[in-house]
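Below, subunit A partners subunit B and then partners subunit C, in two separate complexes.
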Partner chain A sequence: MIILHRLVRLVIVLLVVTFLSYAMLALLPGDPVTQILGIGANDEARAQLRQELGLDEPLLVRYAGWLGALLTGDFGTSPITRVPVAAELAERLPVTLELLVAAQVVALGLAIPVGIAAARRAGRALDQVLTALSFALLSTPVFVLGVLLILLFAVTWQVVPATGWTPISVDLGWNITSVLLPAVTLGCGQLAVYARLLRADLIATLQEDYITLARARGLSPRRILWRHALRPSAISLITAVGLNMGALIGGTVIIETLFGLPGIGRLIVDSIFSRDYLTVQGGVVLISVGYVLVNFAVDVVYAAVDPRIRRA
Partner chain B sequence: MRRRLGLGFWIATGWIALVLAAAVLADVLPFARYDETLAGPPQTGPSAAHPFGTDGLGRDVLSRVVYGARVSLGVGIGAVVLGLAIGAPLGVLAGYRKRAADAVIMAVNDVALAFPALVFALAVVAFAGANLRNVLVVLGVLGVPAWTRLIRGATLSFAEREFVLAARVLGVRDRRILWREIMPNVAVPAASYAFIGMAVVVVAEGSLAFLGLSVQAPTPTWGGLINEGRTLMETAPHVVLAPSVVMFLTVLSFNLVGDRLRALSDVRQSGLEPVRQAVAVLPAAEPRPVAGALLQVEDLRTHFLTPRGAVKAVDGVSFTLERGKTLAIVGESGSGKSMLIRSVLGLLPGTGVARGGHVHLEGDELTAFTPEEMRQVLGRRLGTVFQDPMTALNPVRTIGTQVAEPLRVHLGMGRGQAREEAARLLASVGIPDPARMLGRYPHQLSGGMRQRVTIAMALSCGPDVLFADEPTTALDVTIQDQVLRLIHRLREERDMAVVLVSHDLSVVRQWADEVIVMYAGRVVERGTAADVFERTRMPYTEALLQAAPRLTDPAHHRLRVIPGRPPDLAAVPDGCAFRPRCAYAQDRCAEQAPPLLSEGGHLHACWYPTGRTMTENEGADSHGR
Partner chain C sequence: MKRWRGPAALSLATLLLVACSGQRPVAVPENTSSAAPSGPEKGGRLVYGLSADANGLNPVTDQFAAQSYSMVGTVIEPLVTVEANGEWKPYLAESLTPNETYDEWAVKVRPGISFHDGLALTGDVVKANLEAQKASPLNNAVLVPVKSFELTDPMTVTVKLSQPWVAFPYYLAAQIGMIVPPASLRDPKTASLKPVGTGPFVFKEYVPDSRMVVTKNPGYWRDGLPYLDEIEFRILPDSQTRAQTLEAGGIDAMGTTRDEDITKYGGQKDAYSVHRAEGMAVPEYMFLLNTAVAPLDDLRVRKALAHALDRATIIKTLRGGLTEEADGPWSKDSKWYADGGAYPDYDLAKATALVKEVEAEKGPVTFEIISTPDPNTMQGIELAQDMWRKAGVDVTIKQADQADLINRAVTGNYAATVWVQFSSPDPDGEYIWMHQAYSKPVGQVSLNFTRLRDDKLSKAFDVGRMNPDESARKQAYATVQERLRELVPFVFVDHLNTGAIITRTKVHGIGEQLLPDGEKGLALTGSPVPYHPFSQLWVSKQ
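So, the complex of A and B:
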C-alpha cells in the first residue's frame, strides 16, 4: 500500500521534473531556433530543427513526443557538436558517478566515527570542538573549500594534482589520485551534516529505556553502542544521505569545473557557454531524474532498516 | 538576553553589520573603484594602501570584495524576502485552514522539494539570461517550499494551543487571530530561518557566480572573484583568499545568528540541564555489613548537580534484603523510588552526579567495583525490569536476538544453544509458541507480552535479586495481575529476592514482605507489610493509604487526595519535608527534621506519629481536612 502510494508519487514527480526541464527551452528569449543554431544558420538547418523540435505543435504534444523519444534513449543531437546528446552523456556519466560515490564514502566514512565520538562524550571538550568544527564546515561554500584545499595540497605541498582526470580503465592509482581531492572537497560539506545528525540521534537514542536496560544487563558500552544504539539512530542519517544527493549533485557541477573533471556537471556548464541548449537540457533531465530515483530508493532502504515501517 | 544569546551571536551580528554597512557605503569609502586598473602594482600582497592587496590588473581587492558584497547581500536579502512573501501566506493558510488547502499546498511542496535546486537554478539562469533580476527571482522561488514548510509547522503548533482555540470559540475573526495570536509566535522561527536562508542564498549565488552565471563582469561578485583569483593561486594567493575568507565569515555569521535565534525559541534548552562535572563522592557513614543479608544498602545518596543547586534525588537510604523476600518501595511520583533502584544498580549518568553510600551484595561491595567488574554483576546477579514495556525493548532487533544476548555475553553460549535457551525462557514466562516469537519484533507484541519478554531477559542468567520498577503500571488491570503472579511464582521457584517499586498500594499489600515508604528522596517509614499498613505511624503513609481507592468504599465516596505537591528536590524545606502538606504539623516540624527512629524494627521519621491502628473500614474516615 505504502509502496504503491510512493510509486504513484514517483511517477508524478518524474512527469513534473521532465516537463519543467523540457519547458525551459521556452524561457529562451526570441525564436528558439535562432537561439539554438545562431543567426548564421541556413534555412534548411532551421527548418530541420524546427521540425525536430516540433515547434508548430502545442507544448503538451511536443512534450509527449520528446518524452517518448527520451524513453528510447534519444536525447536529440547537438546542433553544435553534431554528436548525439545521449552518447555524450553516457561518456561523462561514469566520472560524475565515481565522484558522487567517492564523496559519499568520504563523508560517511568520517561522519560515523566523528558523530559517535561526539555523542559518547556529549557536552565534553572533544564534543564541543567537533561540533564547532562541523558548524564551520557547514558554513564553507564548496568552491571556497575546494580553492583552499587546492592551495594547500596541490600548490603548496604538491601531493596531488590540482586538476585533470585519469579514468579507471587507464590507471587505477592515478584515477584514485585524481578523484581524491574533489571527493574530499565535495564530501566535507556532507560530513558536517551527517555527523551532526548522527550525534543528535545517538544522544537521543542513548537516553532510551532500552539502552538503560541494556546497561542493566551488564553489556559493555562498546556492544551497546554498536549493536543497540547505532541502528535505531541511523534512520535519519539514511534519509539525509538520500536528500543530500541533491546538494551533492549541485556540488558536482562546481567541483567538476573547479578540478577540470570531464563529468556531466562540467558538460552542462561548457554547453551553457557554447549555447548548446539541447545538451544542457539533456544533462538537467538526467540529473533530475537520477535525483528523484535516488530519493525513491532511500525510502525503500529506510523501510528495510526500520522494521516498524516495513510491517506497518 | 545578552547572556543567553552568547558572545558568538554578537560577534556574528557585528560582522554582518560591518559587511552590510561597507556594501551600502561602498561609493564613499576611501578606496579605488572596483574597476580601476593599476590602482597599485599588479599582484602585490596586502599593504597599507591596499589592505587586501591587488589583483592581476592592479585593481584593489578590498574594493572589489566590498562591491561584491552588494550583489551577494542584495540577492540574499531580496531572495529571502521573495521566498517569505510567497511562502509565508501559503504556510499560514496550510497550517491554519488545514484540510483541502493543506493537502494541496503540501503535495505541491513535496514535489518541489524533490528537485535538485542548484541544477535547476543553473539551467533557468542559463536559458533566461544571467543577470541580477533572474538570479534573485530563481533563488527566491527555490526558497518557497522551505518557507512554506517552516511557517506551516510553526502555525500548526500554535493553531492548536489553548489561547488560539479559546479565541476561536469566542468567535474572534480569523484574520484577527492570525495577526494577534499566531503572527507574533511565528515571528521568532521565521526570523531564525531568515538568517539561515540568507546563508543558503549567499552560497547559491556564489556558486552561480563562480560558474560565471550570476551578475556579469565588470560588476564584481564574491563567487566571480574567487573564480578569477584561482588562476593566480600560485603567484598571488591573497587574491583568492580575501574573498574566500570574507564569504566564509559572512555565511558562518548568518548561520550562527540563525542558530542562536532558533535555540532561543527552543523551550527544551531551558531549565534543568546537568552542569558538566565529574562524579563526586559524598561523605557517608562507615559500612557495617549485616550477616546473612543478600543485599545491603547503606546511606545511599544520589545528588544531581544542576545550575539551581544539588537535586537530592536519593538522600541517605538504607535497607537490607534477604533471599526469598519481596521488598516494596512506595511513594508518589518524584519521591526518588526509581532513582534509588538506578543508584543501587549504578546506572547513573556519568556527569553531573554526586553519589555516596555503600551497596553490598553477599559481602561484595558493589559501590567499590570498577565499571568492568560491575558488568559481571549486572544481568548475571542482578536482574532489572522497567515500567514501560513499550520502550524497554529495542525496536529494531528481534525478540530472539535480545533475549539470547545476555546468555551469549555472560554465559558464553553458542548461537544455537542460546536460541534454545531463549525459547525455554520465553515458555517459562508463559509466552505461547516461543520458537516463533524469537523471530518477531517488539512492535508486533502486546504490552503484556512485551513485559513477559523483559522479565524473561532479566531472569536469563539466574539473578539473585530482581529489581522491578513499576512493572505493571503501563499494563491493563487484568494483565497486571498475571505479571505480578508470574514474578511471585518465579521468585519462589528460583529463591530470588525481589525489589518491587510501585505506587499501587494494593499490589504492595498483596505481595510485599517488607515495605519502604519514600518521600523527597528519603525513607520516612520502613517495616513489615503488616507494620506499615496496619500500624501506620507516618502521616504521609496514612495520606497515601487514604488516597488509594478501595473496593470496600461506598459508592460515590469522595476520593481523598494529598493536598499540595511533592517538594522541589533542589530546595527541600528545612525541618520535615512533608510538613507543608501534613495535617498534624506543629512548630517543631518546621525547625528540626525528624530522625528515622526504630520502634521494635518498625522505623518512622515523624515527631508526632499517628498512634492509631488503622483498619480497612475505618481508614477512610479518620482525620481529614
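So, the complex of A and C:
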C-alpha cells in the first residue's frame, strides 16, 4: 500500500516538475529562432522557422504535445543541433553517472573513517580538528575548491590532468585520472555532511543501554563499534546519501563546466544559453525522474527496514 | 594503526592503478628555449583549447562563430581567403574575375582538388554549394544582391548580381564560401556532426561539448602540407581552467580574450608565445544606442554620452592599458581608417552642458542599459554608468543573457547595450549593419540595430560596394566614419585587440602561413577570440 501511495505522489511530482520546467523555459526572454538562424536572417525565414518549431502554438498545446511524445519515449529532436534529445542525453548520462558515483565513493570512503574517529574521540583535540576541517569544507564553494585542486594537483604537481574526459571504454586508467579531481571536488562538500552526521549518530548510539551492556560483557571497543554501533548509526547516513543526490546533481553543472566534462549538467547549461528548449526539458525530466526515483527507493527501503513507517 | 589498513590499501591501489595506466595525459618538462628551430618538423599532435563548442559543423545550415571556423576550417576550405594586407585572394578558386561593371563574377575552380570522400571539386559542386547558401535562411539577407549562379564551363561558376558588388569575393572567404561535397548537401544532419571537405585534415571524431579530433589528410592538394599528424580541439568554457590546463600541459594552445592572460603569458616568453589580432581583424567594443527611442533619439544626448565617457580610464581600468581608444569601426592601423571628423572626445563640461540643454526642454535624461551578467562586462557598464551620472544622465542597468540581449537588439526592444562587432576584412562587410535599407521600426527585425537612417552614410556605403576604384572607396568609407562621428549611433570605447592565441613555445607557424599562390596570409581574424589556419602549424619535438 505504501508503495502505491508513493507511486501516485511520484506521478504528481513529475507532472508538476515537467510543467513548471516547460513553462519557465517558454517564458524566458530571448528567441530560439534568432539563436538558430543568427542575427542576419530576415522576417520570412524567422516566421517559417517559428511555425516549424511550433512556437506559434499556445503554451498548453505545446506542453501537451511534448508530454504525449515523452510518454512514448520520444524526447524530440534538438532544433539547434538537429540530434535526437534522447541520443544526446544517452551519450552524456554515463559521464554524469560516473561522476556522481565517484563523488559518493570519495565522500563515503573518507566520511566513514573520519566520522568514526571523531565519534570515538568526541570533544577531544582530534574531534575538534576534524570538526573544524568539516566546516571549512562545507563553507568552501565547489568552484573555489575545484580551482584550488587544479592549481595544486594539475598545475603545480602535474599528477592528474586539469581538464578533459576519457571514457572507460577508451582507457580505464585515463578515465580514473580524468574523474579523480572532479569527483574529489564534488565529494568534499558531501564528505563533511556525512562525517558530521555519522559522528552525531555514533555518539548517540554509543550512549545506548545495549552498548553499555556490551561493554559490561567485556566485548572489545573495536567489536562494539563495528558490529553493534556502526550499523544502526548508518541508517540516517544511507538516507542522506539518497537525498543528497539532488545536491550532487546541482553540483555537476558547475563541476562539468569547470573540468570540461561532457555530462548532462554541461549539456543543460549550454542548452539554456542557446535556447535549446527541448534539450533542457529532456535533461530536466531525466534529472527529476532520477531524483524522484532515488527518493522513492529510499522511502521503500526505509519502510522495509523500519516497521513504524510501514504502519504510518 | 591496523584499523586504517583497509582505506590505506584502497588509496594505494587507486594510486597504483593511476600510475600504471599508461602514458599520463599531463605535460612533460620541455625545453624552455624560445629560439625557433631551423624549420618545420613534420608529425606530432596539437591539443588546442577552445572557449565554446560549435553550434554544428555544417557551413550551409549552422551559424558559425569563431570557434566553428577553427574547428571546421581544418576540414572544409573556402573559395577565397585574405592575405596579410587584407586583400582577398583565391583559395579553392583559381581566380575570381569580375565583368566591367562588377555585377558578374566568374569563379573559376582550382583543378586537381578532391574531397575527402574522393569526389573531384568541380564547377557544378561549387554552384550547388552557393545555391544552397543562397537558399539558407542564415545568409539570405547577405546574398540579396545575388540573382543567379550559372555554370559557364565545367570549372567555372558565374555569379550574376542585381548591382555592382566590388567586395563580393570577401564574402566567399567566410562561411558562405566554404565548399562541401554533394553528399553533405543532401544530408545536412550528418554534415552537422561529421564534416567532409577538401581540407588539410580529415574528420576523425566529435564529442559535443568535449572535443573534436582531425587527422592529417595524406592526399591534400597542397604539396607537403599539413605538418601535423593530428589536432584535438578541446572545449574548455571556463577561462581560468583553460589557462590552468595550458600551464599543466593538457593543451598546447588556446584562444583568450582576457588581458590578464596576455600580460601574464606575454611576460613568460621562454614558455609561451602570444599572438594578437591586428588591423581590420580587431573588433570594436562599444555602446550600441537605439536612435529610434527616447531619449537616445536626441543627438545631443548621444553626443553627451560620448563626451562623458573617459575611454582612457576604461582602458586603463579594464584592459590593463593594452588596447587603443576607438573613434570608429576600423582601427587606426588599417588602410580604411580615416582621421578627421570630430568624434565627441572626453569633455565632461560639454557633456554636462548638453544634458542640461536637453533637460530644460524635455526633463531628466534617463535610460536603461542592458548588460550580460558576466563580471567583466558589468564592471565596464558600471564604470560608464558612473561617468554618465557625473554628466547628469541617470542610467539603470538591466541584466540579460546573451540570447535575450541579441533578441532585444534585433527587435529594437532596448535603449542602449554593450556590443562588440566590426571585424570584417573589408568595410563592405558592415553594409547590412549600418545601411538605412536594413533599418526597420521598433518591433520589427532590423539588422541595423541602432536604427539610424542616414542618407549620406548609406550612399557612402553604396559607393564603397559598387565603385572598384580604391581611392573612391576610401573616400566613401571616410564619409561613413565622419557620419558615425557626427551622429553617434555607437559610443565607441576601444579597439578590442585583447583577442589572442596563446601557445606553448613548441608550437610554431601561427600567423606565418603562405597562400597557394605564394602570398603571406592574414595572421589572425575573427572575434572575440581570433582564429587562423592550421595546415602550416607544427610542433617542435626537442
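The working rule: the second predicted complex is superposed on the first by the 263 of 312 C-alpha atoms of A that agree within 3 Å, B and C clash if a C-alpha of one lies under 4 Å from a C-alpha of the other, contacts with A are read in each partner's own complex, and residues count from 1 in each chain.
To be clear about the criterion, a contact is a pair of C-beta atoms (placed from the backbone, for glycine too) under 8 Å apart; a residue touches a chain by one contact, two chains touch by 3 or more.
Every value quoted in this text rests on a predicted model; they were computed, and no experiment measured them.
**Student:** One more residue to check, A:Thr140. First (subunit B), second (subunit C), both or neither?
**Tutor:** first
**Student:** For A:Arg82, is the partner it touches subunit B (first), subunit C (second), both, or none of the two (neither)?
**Tutor:** In the superposed model, A:Arg82 contacts subunit C only, not subunit B.
**Student:** Applying the touch criterion given at the start, work out whether A:Tyr277 contacts subunit B, subunit C, both or neither, answering first, second, both or neither.
**Tutor:** first
**Student:** Given the touch rule stated above, what does A:Ile249 touch, subunit B (first), subunit C (second), both, or neither?
**Tutor:** first
**Student:** So, does A:Arg215 touch the first partner subunit B, the second partner subunit C, both, or neither?
**Tutor:** A:Arg215 sits against subunit B, while subunit C stays out of touch.
**Student:** Looking at the overlay, does A:Pro29 come into contact with subunit B only (first), subunit C only (second), both, or neither?
**Tutor:** both
**Student:** Given the touch rule stated above, what does A:Arg231 touch, subunit B (first), subunit C (second), both, or neither?
**Tutor:** After superposing on A, A:Arg231 lies in contact with subunit B but is clear of subunit C.
**Student:** Where does A:Val155 make contact in the superposed view: on subunit B (first), on subunit C (second), on both, or on neither?
**Tutor:** both
**Student:** Could you list which residues of subunit A make contact with subunit B in one structure and with subunit C in the other?
**Tutor:** 28-29, 147, 150-151, 155, 257-258, 273
**Student:** What residues on subunit B touch subunit A, complex-wise?
**Tutor:** 110-111, 114-120, 122-124, 126-129, 199, 203, 206-207, 210-213, 223, 226-227, 229-230, 233-234, 237, 240-241, 244, 247-248, 251-252, 254-256, 259, 276, 342, 345, 347, 351, 374-380, 382, 384, 386, 388, 391-397, 405-406, 409-410, 441, 443-444, 454, 457-458, 467
**Student:** Which bits of subunit C are touching subunit A when the two form their complex?
**Tutor:** Listed in rising order, the residues of subunit C that touch subunit A are 3-4, 7, 10, 14, 17-18, 20-22, 24-27, 53, 55-56, 61, 63, 137-142, 188-189, 192-193, 207-211, 234-238, 240-242, 244-245, 247-250, 400-404, 406-410, 432, 444-445, 447.
**Student:** Touching subunit B in the complex: which residues of subunit A?
**Tutor:** Residues 9, 12-13, 16-17, 20-21, 24-25, 27-29, 123-124, 135-136, 138-144, 147-148, 150-151, 155, 208-210, 212-220, 223, 227-228, 231-232, 245-247, 249-251, 253-254, 257-258, 268-269, 272-273, 277, 280-281, 284, 287-288, 291-292, 295, 305-308, 311 of subunit A touch subunit B in their complex.
**Student:** Could you please specify the touching residues of subunit A with respect to subunit C in the complex?
**Tutor:** Those in contact with subunit C are residues 28-32, 34-43, 45-46, 48-49, 80-83, 88, 91-92, 109, 113, 146-147, 150-151, 154-155, 158-166, 171-174, 176-178, 180, 222, 257-262, 266-267, 270, 273-275.
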